[in-house]
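In the two complexes that follow, subunit A is the common piece, with subunit B as its partner first and subunit C second.
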Partner chain A sequence: MQRARVTFEPTQALWRVRLQLLWRGLKSTWAMFAESKIGLTGLGIIIFFILLWMLWPIYPWLMERLAWTPEELEAARNAPYGAISSIYQVYDPVTGYDPLIPLEENREGNILPPSRRHPLGTDQYGRDILAQLMASTGSEFTLGVLAALITVFIGTCIGAITAYYGGFVDTFFMRLADVFILFPLVSFLIVLGSMMELTLLKLALILGILFGFGQITIILKSQALAIKVKPYIEAAKVAGGGHFHVIFRHIIPNMLPLSFLYMMFNVTSAIFSEAALSFFGLLPGARTTWGIMIDSAHSGGYILGGRSFEYWWLWVPPGVAITLLCSAFYLVGRGLDEVVNPRLRKR
Partner chain B sequence: MVALQTQTKTEILVRVENLRMLYPVATGVFARARSFIHAVDDISFDINRGEIFGLIGESGCGKTTTGKLLVRLITPTSGHIYMRVAQDPSTDSQGEQFVDIATLEGRALKAFRRNVQMIFQDPYESLNPRMTIFDIVSEPLSIHGIGSIYEREERVAELLSLVGLTPPESFLFRYPHELSGGQRQRVAIARAMILNPSFIVADEPTSMLDVSIRTGVMNLMLDLREEFGISYLYITHDLAVARYMCDRIAVMYLGKIVELGPTEEVIQNPLHPYTRALISAVPIPDPTVERQPIEIKGGVSKPIDPPPRCRFYERCPIATERCAHSDHPPLEDKGNGHFAACYEI
Partner chain C sequence: MARIWQVLTSGMSKYIIVRLLQIVLVLYLYMTLVFIILEAQPGDITDIYVGNPKITPEAREAIIKQLGLDKPLHERYLNYLKNFVTGHLGCSFKWGNIREVPDPVCREQRPTWDLIKERLPRTVLLFLTYTIISFYIGFFLGKLIAWRRGAIIEYFSTVVGVVLFTVFTPWFALLLVWIFAVNLGIVPIGGFINPDNWRVVERVGTVSRDMGVSLSNVVFNYILMWLGGLTLVWGVIYLVSQRFPYAWQRRVARWGSVCIGLLAMGAFFGGAWPGSADQAVIASETRFNFFLWQLEFPAGTIPLFPLALDFVQHMILPILTLTLISFAGTMLLMRNTMLETMREDYVMAAKAKGLPDQVVRDKHAARNALLPVVTSLIFAIAFSVDGGVFTETIFSWPGMGKLLLESAIEQDYPVAIGTLVFTGIFALVAHLIADILYAFLDPRIRYD
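The block that comes next holds the complex of A and B.
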């Protein structure tokens, strides 16, 4: 039995083929994702917040062109108190002050209701609410995504390793996960906040580690356990693949879709935790966040005592923003769930 | 080809001696295991170069465990597996050594793995769904660091056309889910062939395939044997498949080999009562034929700490007083290379 020797001419460079495959995979994933209205809604909200984040640097410039009359600008430049040299001073999220506030009638202290120059009003220090909201968007994203990335990185690696090796490693990390799940998160962070100055990056790291060793490890480990017993793992071992090869070439790539899904859900929990901590005033290292905005409304006494709806613009915008962004990531997660879990897909 | 045939008659490629695999029955975290499942219990056989050696038996009799032991996916509890292993893969059979692979570890084990490969039962599960056909087939090459990426691509294309996936360019960068069951099993065979192994363990490679494509895959494996002189351990529960593929077969029951011999000899002239029952259970596609079924009692039990007598004693129709009090009978030569383990024949 003789076969002609194959002459094989590669038609394309390998990396180009790989790129094409990646692109094709992304396209088919997108086609499945686009079928779920839930996921698209979430994605729309996320894009809206990204736009808000992108618009922030030109917001003062826009307001100068659109909302301020030349007379008002002139008056602000020569105001007796808090005179400005640039419009950016008015819309600074931390030190901003509108020097025209003392001229307004419709005010209590420095609080202005929504108006032409301040679409969402000002807080008790005369700072523009919308400016604070936009300025915070970036840090919320950074915190949420960074914490979730750390969480999922830890969860995926530990999950794969515990599932693969089992035995003592497994027992150790599972008991550790029990400890982390039972951890009183807020009290721990209060103690931690008293010991050092928490910045957003530090908080992201801490939250990432706290969540990473907890529940997510157990969830991803169960997935890894199901992958570990597949015959292709045995095939790789028969071919001579070591532990490292099996874990990183076979187990983890097959866990990644689920990891990515849980990353979306973890962004939500990270943002929620940040909001709760800021509300307790535990994030002195942060410039401004949505949680800090609610906190300052609360500490100024504008939320409790039956006055909350009188000054709704102090707490509704950040509250709605937190809720929307968190639910957006959750909705995207639900949409991805239908991609990852074919059983959930409508036929 | 002729030279190869004469060679196969003489040269032993694999010799299994007193191979045993016991699994502890889990009793608790701190308790030491007191009972063991005797998955493979003291079996010995030889496989010649270029031979297809069949392992037959019902589920749970230890066929697959034996296969996994021979490729060292698991380490045996005791016993020896001698195999002719090319020390330097670039040399041919002159440079081979007869090595006990049962205790290999580390670097030696990895070097040994270039000589044996395995084909799995389920082609839907034995290919990583996230890898392309190229990645799957070239994986052994990349593990052993053989060749540049272009050489690998060429070699994979060569193998794909060898196993009948032509033109290879159209298969290289597809994912397993885009192929049919038969095509996937051909990919699995290509992966097993890429390191030029001398011995392949095929664990029921056609049992999950459609009947219409089984023959194609089986003929492919026979062709590869002819062309490259590969030996197979062919694990199956299908007597018809064994008859088509195998030169010699061994019948296993509860971890023991009860009968061993040339395929036709064993099927035409079964000696052991278990083999007789097994063969009489195969339906004859002729409604007029009436066959006396051989009655065996009960069902197959689990080999947890079996009593020291014939494993088949409880179900055997011809068991006597002697069987109850003696050890499991040894495999005895009944002539023509036909071995059976029974006191009463």
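The block that comes next holds the complex of A and C.
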């Protein structure tokens, strides 16, 4: 029997059709997402932090133009201690030191209150707080997003595969998920951090794997099970699609909205874990992070000391930054939840 | 025989047995995973002596041999499993022996199991209390804000909830310490007991030497046992009273048992306990200073009440912090599940019947939204030991979390690993209890 050959003349190139469909999908999703004020608030905060991150390379340059007078610059170049050759040395998040600090009136040690040259003051080593805050933003983002990407990648693939094949594969990965759900993550990271030198990349990998095999696999698997029984999967199989083709071209693309949603929640937990670990000084591989900033204020005795709130600029900004960034991703997740899950939408 | 087999393979029993076997499997997987990760670490334990000129290579060899690190991998693995099954979790590097008769294996060192036995009740009391409080508040508020969707209260509590849910825990705890302890001075900054209140009571002689515990542990365990026992008795009375035909009978049984229980507990702690000759040594002056009042006790007695009050005073701030942090999660979860149940037909039917709003909300919608919240309650208890690290460290509450962090930082590996594995076991057992409870609550699960 000769196979009927269907030929059609496309009026448009395939990629343009796909792009148009994608654009239309994005537009309708955005319309639904924009309805929830919660999600928009979260997105606004994320954009604010991205701007902060992008401003970081030109921050010293800006300060040189806006805050420093020529006399101050000259004095800093000829300072008896810590003389600078370029303004970038003052605003380095790790080694920075303002050579004009010894000349300041209202200082204690190297701590300066918020002032013209240092909008958020300096810490006990004379480093600019805002510079540290900006420099850390990048690493927090990278870690959070990288860990969440790994998590979602593992969760989506394993969820789809277990739902598709079932049987032994299913049982094995579900029992493994039980182990990972009950994994005492914080304790484990603390013990691990005391044994090996954790860098941010390693931490992102570990967090990604630990979250990825856990609860997210179960959630995404149930989604994949619902997709597996849809008629178009049947159609794809009848049309001669292999296992690989069906899983990766038909099941996974339909799981992606939910995966994306859970990615948002995972960014929150990853950033939180990182901040907590560095707060306890168990992340020696990191240069500077928000957690380390709070830790150095705490271990220097500037939080619970006698005149504690006098030095609020040492520990309030990083704490607020962690809280804001974590809640921003959570809020975006909540906003997306109302898009993905129709039952939560307003009446 | 056939009858037993029939019982075992039917419904609930079958479900429990299957879950039990699965939990054993999961426990085994967990312990293996921990072992693999530990083995994957570069170097060995003697690497900390590399820079120490007093430890010669021969001495390092001897340490390796003594710790059994020269044995092949499979032998060490079997040894590791055997030790956990027999309950021997190794000897601490840091903590010295405090018993009169030292442990036969550890001799001058303190066994890890001994440390865990001492620390676990403290963590359990702190975390059970806050979990119950925060879940009740979260359940109540979540129910309310879901029911009044779109009102200003929903927007406000969602914002507050999200902020509290995502706030950086150590930072928030420090903030509360700063407000309540440093500035207002109404609660202690941290710690477990106020040594000034305990100095008058010396360590209980024989008890401290034989059991490796001091008087503070004895008093603390009394509190825990009383609270646990009362909760258990009250739960049984609650279940029994459900069969009573009249509402007033149920009310009398429930509230009466609560009152009698609290009175009995008060009587137990309120009396001045005579110290027996070999047990209690009481200093001449027994005066206790609390921020509200001064207490005096006759010489030669153990005043349990002020000692118990000392713990309570130190628990206020940690419990406040933990409750504030964690009720938000329950509230948001309850709101979501409640929003879903409110769309069900039976809620619509109840409303159409003309039932009062409050009855529809509490009896029809909220009860059916409760199941996921119960699950998350059990998970919260399971993770209490794990998540306690932050709070316990900041409030210097000497529980499991603080033990883990301290031993990890000071490289006291036997204690760190023992605590880590025990935390996992604790979580697994809580998970098993959750599963069984869940199957009782929702019959659909056990006939799966």
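By our rule, the second predicted complex is superposed on the first by the 333 of 347 C-alpha atoms of A that agree within 3 Å, B and C clash if a C-alpha of one lies under 4 Å from a C-alpha of the other, contacts with A are read in each partner's own complex, and residues count from 1 in each chain.
By our rule, contacts are C-beta pairs under 8 Å (C-beta built on N, C-alpha and C of every residue); 3 or more make two chains touch, one makes a residue touch a chain.
Quantities reported herein were computed from a predicted structural model and do not represent experimental measurements.
Partners subunit B and subunit C, once the complexes are superposed on subunit A, both fit on it without clashing. In the superposition on chain A, A:Lys237 makes contact with subunit B only, not with subunit C.
When both complexes are overlaid on chain A, the residue A:Leu66 reaches neither subunit B nor subunit C.
Once both structures are fitted onto chain A, a short way to say it is that subunit B and subunit C open up an angle of 90° at subunit A, using Cα centres and rounding to the nearest 10.
Of the two partner chains placed by superposition, only subunit C is touched by A:Trp315; subunit B is not.
Comparing subunit C and subunit B on the residues of subunit A they touch gives the larger count to C. In the superposition on chain A, A:Ile294 makes contact with subunit C only, not with subunit B. When the two structures are aligned on the shared chain, A:Leu21 is found in touch with subunit B, with no touch to subunit C. No C-alpha atom of subunit B lies closer than 8 Å to one of subunit C in the superposed arrangement. Residue ranges on subunit C touching subunit A, taken from their complex, read 22, 25-26, 29-30, 33-34, 37-38, 41-42, 149-150, 158, 162-163, 165-172, 174-175, 177-178, 182-183, 189, 336, 339-340, 343, 382-383, 385-387, 389-390, 393, 401, 404-405, 408-409, 411, 413, 416-417, 419-420, 423-424, 427-428, 431. Residues 38, 175-176, 178-179, 182-188, 190-196, 268, 272, 275-276, 279-282, 291, 294, 298, 303-304, 308-309, 315, 318-319, 322-323, 326-327, 330-331, 334, 343-344, 346-347 of subunit A are the ones that touch subunit C when the two sit in their complex. On the subunit B side of its complex with subunit A, the touching residues are 68, 71, 73, 110, 113-114, 116-118, 120-122, 125-132, 139-140, 143-144, 149-150, 153-154, 157-158, 161-162, 168-169, 172-173, 188, 191, 195, 223, 226-227.
Considering their complex, residues 1, 3, 5-6, 8, 10-11, 14, 17, 21, 230-232, 234-242, 245, 249-250, 253-254 of subunit A touch subunit B.
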